[in-house]
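Below are two complexes that have chain A in common, paired first with chain B and then with chain C.
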Partner chain A sequence: MKLERLCRLCELPGVSGFEEKVASFIEKEIEGKVDELWKDSVGNVIAIKKGNGKSSKRLMLLAHTDEVGLMVKRINEDGSLSFTAIGGVDPRVLMGKKVFVGEEMLPGVIGFEAIHTQESSTLLKTPSMDKLRIYLGYPKKEEAQKSHKIGDPVFFSTAYEEVGEYAVAKAFDDRTGCEILLRVLDDVQGLSLDYDLCFAWVVQEEVGLRGSGIAARQIKPDAALVFENTTAGDNPELPEYRWATSLGMGPVLTFAHSGLVLDRRIFDTIVETARRNSIKFQYKRRIAGGTDAGRLARTMSGIPAGVISTPSRYIHSPTSIININDFLGVAELASVLVKEGKVL
Partner chain B sequence: MKELIKKLVEISSPSGREDAIREAITEEVRDYVDELRVDALGNLICMKKGKSGKKLLLDAHMDEIGVVVTHIDDKGFLRIDMLGGVSPYMLLGSRIIFESGAYGIVSTEGESAREAGEIMKNLDFDHIFVDIGASSREEAEKLAPIGTFGTYDSKFRDLGEKLVSKSMDDRIACAILVQTIKELKEPADDVYFVFAVQEEVGIVGASVAAFDIMPDMAIAVDVTAGPDTPKSFKRMGFKLGAGPTIKIKDRGSVSSSRVVSRLKEVADIRSIPVQYEVLIFGGTDARGYQVTGKGIAAGTVSVPTRYVHSPNEIVDYNDVLNTVRLLKALAEEGV
Partner chain C sequence: MIELSNAFGPVGYEDRVHEVIKAELSPYVDEIYRDEIGNLIAVKKGSSRRVGVFTHIDEVSLVISAIDERGFARFESLGGVDPKILISQKVRIVCRDGKERKGVIGMLAPHLQKPGSKGDVPSFDELFIDVSINQDFDKIDIGDLAVVDFAAFEMGEKVSGKALDDRACAAISIETAKLLSRYREHPTVYFIFTTREEVGAMGARAAAEALEFDLGLAMDVTHHSKEDGIEMGNGPVLTVGGPNIHKGYFKKLDDYARKNGFSVQYDYGSGHTGTDADVVQLAGNGTPTLLLSLPQLFMHTPVEVVQVCDILNSARLLSGFFCSLEEVEAV
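Our next item is the complex of A and B:
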């Protein structure tokens, strides 16, 4: 079983602020399946599947199109590129990784001092971002400048692969969410829903929840479901009580996260729906980390939301791992919630 | 008014679980207001009609800091995380009451005296646990399953001029607004009273409560520090018992100068003692109002409070009464 579209979504480049390719892919996928479709000024893709008119209410499903990555901040004399992080990136996961640079997707590697030349005092120490460079094979600055400029986005180059019930890729955060929305849209084709079902694929979540409020002000939903990818943390070296979530335990439901306690009624509805449909689920067991739900609560007169996530090990790294059954559980739960319409 | 304060501070309603406190406040004010509604996030919004055509908004947040169960071990001990700014040092040794009715005691780890000492030096939520008297995972899961919210369990004490309780932040302001609603007979402007949700986790309710109202002035009523204890913050000059403070700034907002000067004017007209406040940390709902829509002239009136975010916060009763007088004066004199 290969999750073909998830694979394609994950492999697309979409560092925050450079989500065009992801947005275009999504636009092509949904053309003809919705009643209204537009891309707004910041690059959010918004689509509406009209209800049958029995209810004037609107439910918004939301996922973010951007991923964490890097950006060129200086071209060095030796032709290498210095960079800064876009979103939360741990410098330890960057050393020795392959990347693509710029919209042209030119391949490079992130180099660091070889083990042979390191002093024992620097070995195993985390280098600062400033000490890391991207090498693309240019002999000097002038050559590099022909193809690159300051501000070029840098993407992880990991190819998607599946191993048993697990999948490895970059950008599961939040292409899993993007794919959940596409699946829900496919699931409701030909169905008559009482309410307007709205979709928002939003930009720039990773740099401060910037796209979601803008999308919400255009849609004006009564409630929202945010589909995310979240920290697993079920590493064997950590005691179990520090695990935020664990792979294989099903969709993650969030009662509270950084900056927001999720709407209790929506949260209870999600829990009850999962139980009644025998969908295995788990709770997010740490508060740290936020989602676009935090922005939605602070938008207009306040939009209540629920958050449902696929857990991911080594999240925000070039090699994140998900359990495919967790992902399929989120898709099933999303579909049931939309068809039952009890969230509104 | 002490009865009202006792009633409101002893209710356990952490951020996102404001149902109990909202119900209690609704019961108190229902007969004294012209309008009453609950918005999409759970903010309780009441209004008393005035004549000027202008609008004044007074805010107090209903929620209090709290904790939530995140893990249960085989022996029935709970791990918790915080809702709002909760110090693990304050939690240590304190009692927690959970929304399920379970009670817990907070303690910490340490397999040797040295380890216990190290943990105490940098105490965090990864090293504290809650004992709810359960002897197995199954028993604990019935009493307080993962996702159960809780708060400090602490009773109101009347020390005469000083009052002690948990959640003076911000129930003392809820009580002040309720008392103002009851005493206010002829407001100049339409006065909106917002009892807001989820201030402690990041000013959630107040970011949207005024969106449909767009008042001419919004004032958050909250607690501030009480830097009058031995060797307290010497950079802040206000103290308990010298009247409510008119906030100039904190980390969240700079009060609109029009709000500051109007508050001082009405305080002077009615001879109400007030102090000015520059808080070097913290923030209030005023931040949410100030940046709503096209912007609202916003500020904060604070009740100086010792030991904020502890199970035992202390306020001065005269400051409380003077805050009611100040808000009533503003509502009667107009924005």
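Our next item is the complex of A and C:
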């Protein structure tokens, strides 16, 4: 396997509001590698590697620990569980899947009525989320109540798998970003940077960019780089000119996304750095989707940020695909940007 | 049963399932062979009475119908597949060169979908398998078969898996053969693990024609349905006498079940039953036919569910019933 730690990160359960296992994993990985390390009241993991004092500036690298998933909203008479979405989940990606329910990760399945007994008029209609159920084999409500309660998180179960130059998994959004930060930290071990390099692994991005602002206020950075996972869109149903990004074309650089035009100076610096270092890159060609950079722009007096992403096909589904070289390109670009410190 | 469910055995290509069955069953039967059409037949020798037990081991599957230069393959289904359960699944494709390749059935991310399209599920014309992740995806060809990649698992007293229709019943056959080994007197029982049920039961037809049984018993899954009084955990389901079912043998089986305290449930068969039983009945000069069903939830999805005790009780019922046929003879 090429990306051992990314595999472990992706397989960890961590839907928004339930990121503890991802946070603990990261804390263990960075212990002893940073000068300051703390976890704040919402569950953000924050770490600082102090500079040599030549500069008083601070650069913050940020990625989010949460992933989209589901939450139990009702225990039904027949022992099945009804659920609602945490973050943007399309009901069409849920049927016929195995899921893990609750912190104990009990396995269940989201089935659907057999094709033999369905009305043909609704066969190609999306069922509402409320019509779907998680089935765990309980014969009745009382049995289910022994192990489950309303509000329990539900996680996708897909195992990480590499196929040649590609990886298939859940939660690349944004465990790829989490792993980029870990790699940068490993890369700068033993180096003396002029400025303070700060790391924020933040919670609750998928439910409204809720963790990043708090983290930034504790760090007070002069600039930030957000490492994300972004939608590819190079599907056969779209013509090439409508693709947001495409796999295999390298790190994705964003000039603007939903709700934000990014800081021009930082964006230009990232593009210039990639060109000078012969790192293949692509622009994000659609404005859809937002990132924590949108929150940072609304934090303190507006923190300027750049966004660099690994593209992913079928994002927000249990089965997303990344190109490993795209990911490695992001890691390389991140490392160079940090060592050069020009974005500050 | 978990191993049976996980084995790759799309319609007409069940050989890998044969290997699993042979490994498990060989010690308990006298002969095991593959016939012309691709059924696996295991013979447990006994009296001159010849009983055929039919369970199909193919699974609903996908067949590649086109592939483009970027690595997106189009497909059709073999057997009834609901497009809703295919989106975002991993699939395994076995190619002409014998190698297995991977694919993902993708869908456009919510961020990029057209407004107003969320209420519709893509049809088979719109769905695709992303095989571009395989470096040598050009080795995938039209006609190669794919199944959803799903590892069966235990869920309390139940099991969930992709091909429990009908390999859970194949597990009943295997258990029945094991139990028969404990009896001195029993009929000669042919356990026929049939090919191609999902596209018209030609495997069962060929075997039933060739072997001409005194009694043919098909086993298949049926829908768990509280309204119809068929529930997992309440035992095997017997289809009562109707056009497809032999009334005399049904009474014998039902009487045996009642007399020996088996919990059974009943289903009706108003015409043909949509199982191997349909063709078995018409084989030769006509074959007395029975149908035993296993209650199942979410049929033809990758997460089919059956209950383990139903399988064990079915095997106990069948082995006892087959032996009782010999006793009746003696009286």
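One rule holds in what follows: the second predicted complex is superposed on the first by the 343 of 344 C-alpha atoms of A that agree within 3 Å, B and C clash if a C-alpha of one lies under 4 Å from a C-alpha of the other, contacts with A are read in each partner's own complex, and residues count from 1 in each chain.
Keep this in mind: contacts are C-beta pairs under 8 Å (C-beta built on N, C-alpha and C of every residue); 3 or more make two chains touch, one makes a residue touch a chain.
Note that the structure is predicted; figures quoted are calculated from it, not measured.
Because the two structures share chain A, they can be overlaid on it, and in that overlay chain B and chain C fit beside each other without clashing.
After overlaying the two complexes on the shared chain, residue contacts for A:107 are found with chain C alone; chain B is out of touch.
For chain A, the partner touching the most residues, choosing from chain B and chain C, is C. In the superposition on chain A, contact is made by A:90 with chain C only, not with chain B.
By the document's definition of touching, both partners, chain B and chain C, reach A:286.
Of the two partner chains placed by the overlay, neither chain B nor chain C lies in contact with A:5.
Of the two partner chains, chain C is the only one that A:318 touches; chain B does not reach it.
Rounded to the nearest 10, the superposed model shows the Cα centres of chain B and chain C diverging by 130 degrees about the centre of chain A.
Superposed on chain A, the gap between chain B and chain C at their nearest CA atoms measures out to 9 angstrom in whole units.
Comparing the two interfaces of chain A, the one with chain B and the one with chain C have residues 242, 286 in common. The residues of chain A lying in touch with chain C in their complex are 78, 88, 90, 92-93, 95-98, 107-118, 123-127, 135-139, 158, 161, 163-166, 168, 231-233, 235-238, 242, 244, 247, 286, 288-289, 313-319, 321.
Contact residues of chain A toward chain B in the complex are 222, 240-242, 255-256, 258-264, 283, 285-287, 294, 297-304. The part of chain C that touches chain A in the complex is made up of residues 68, 70, 72, 80-90, 102, 104, 106-112, 118-123, 126, 128, 130, 132-135, 148, 150, 153, 155-158, 160, 223, 226, 233, 297-303, 305.
Those residues of chain B whose C-beta lies close enough to touch chain A in the complex are 15-17, 39-41, 43, 68, 70-71, 73, 79, 81-83, 126, 146-147, 198, 201-202, 204-205, 207-209, 211-212, 288.
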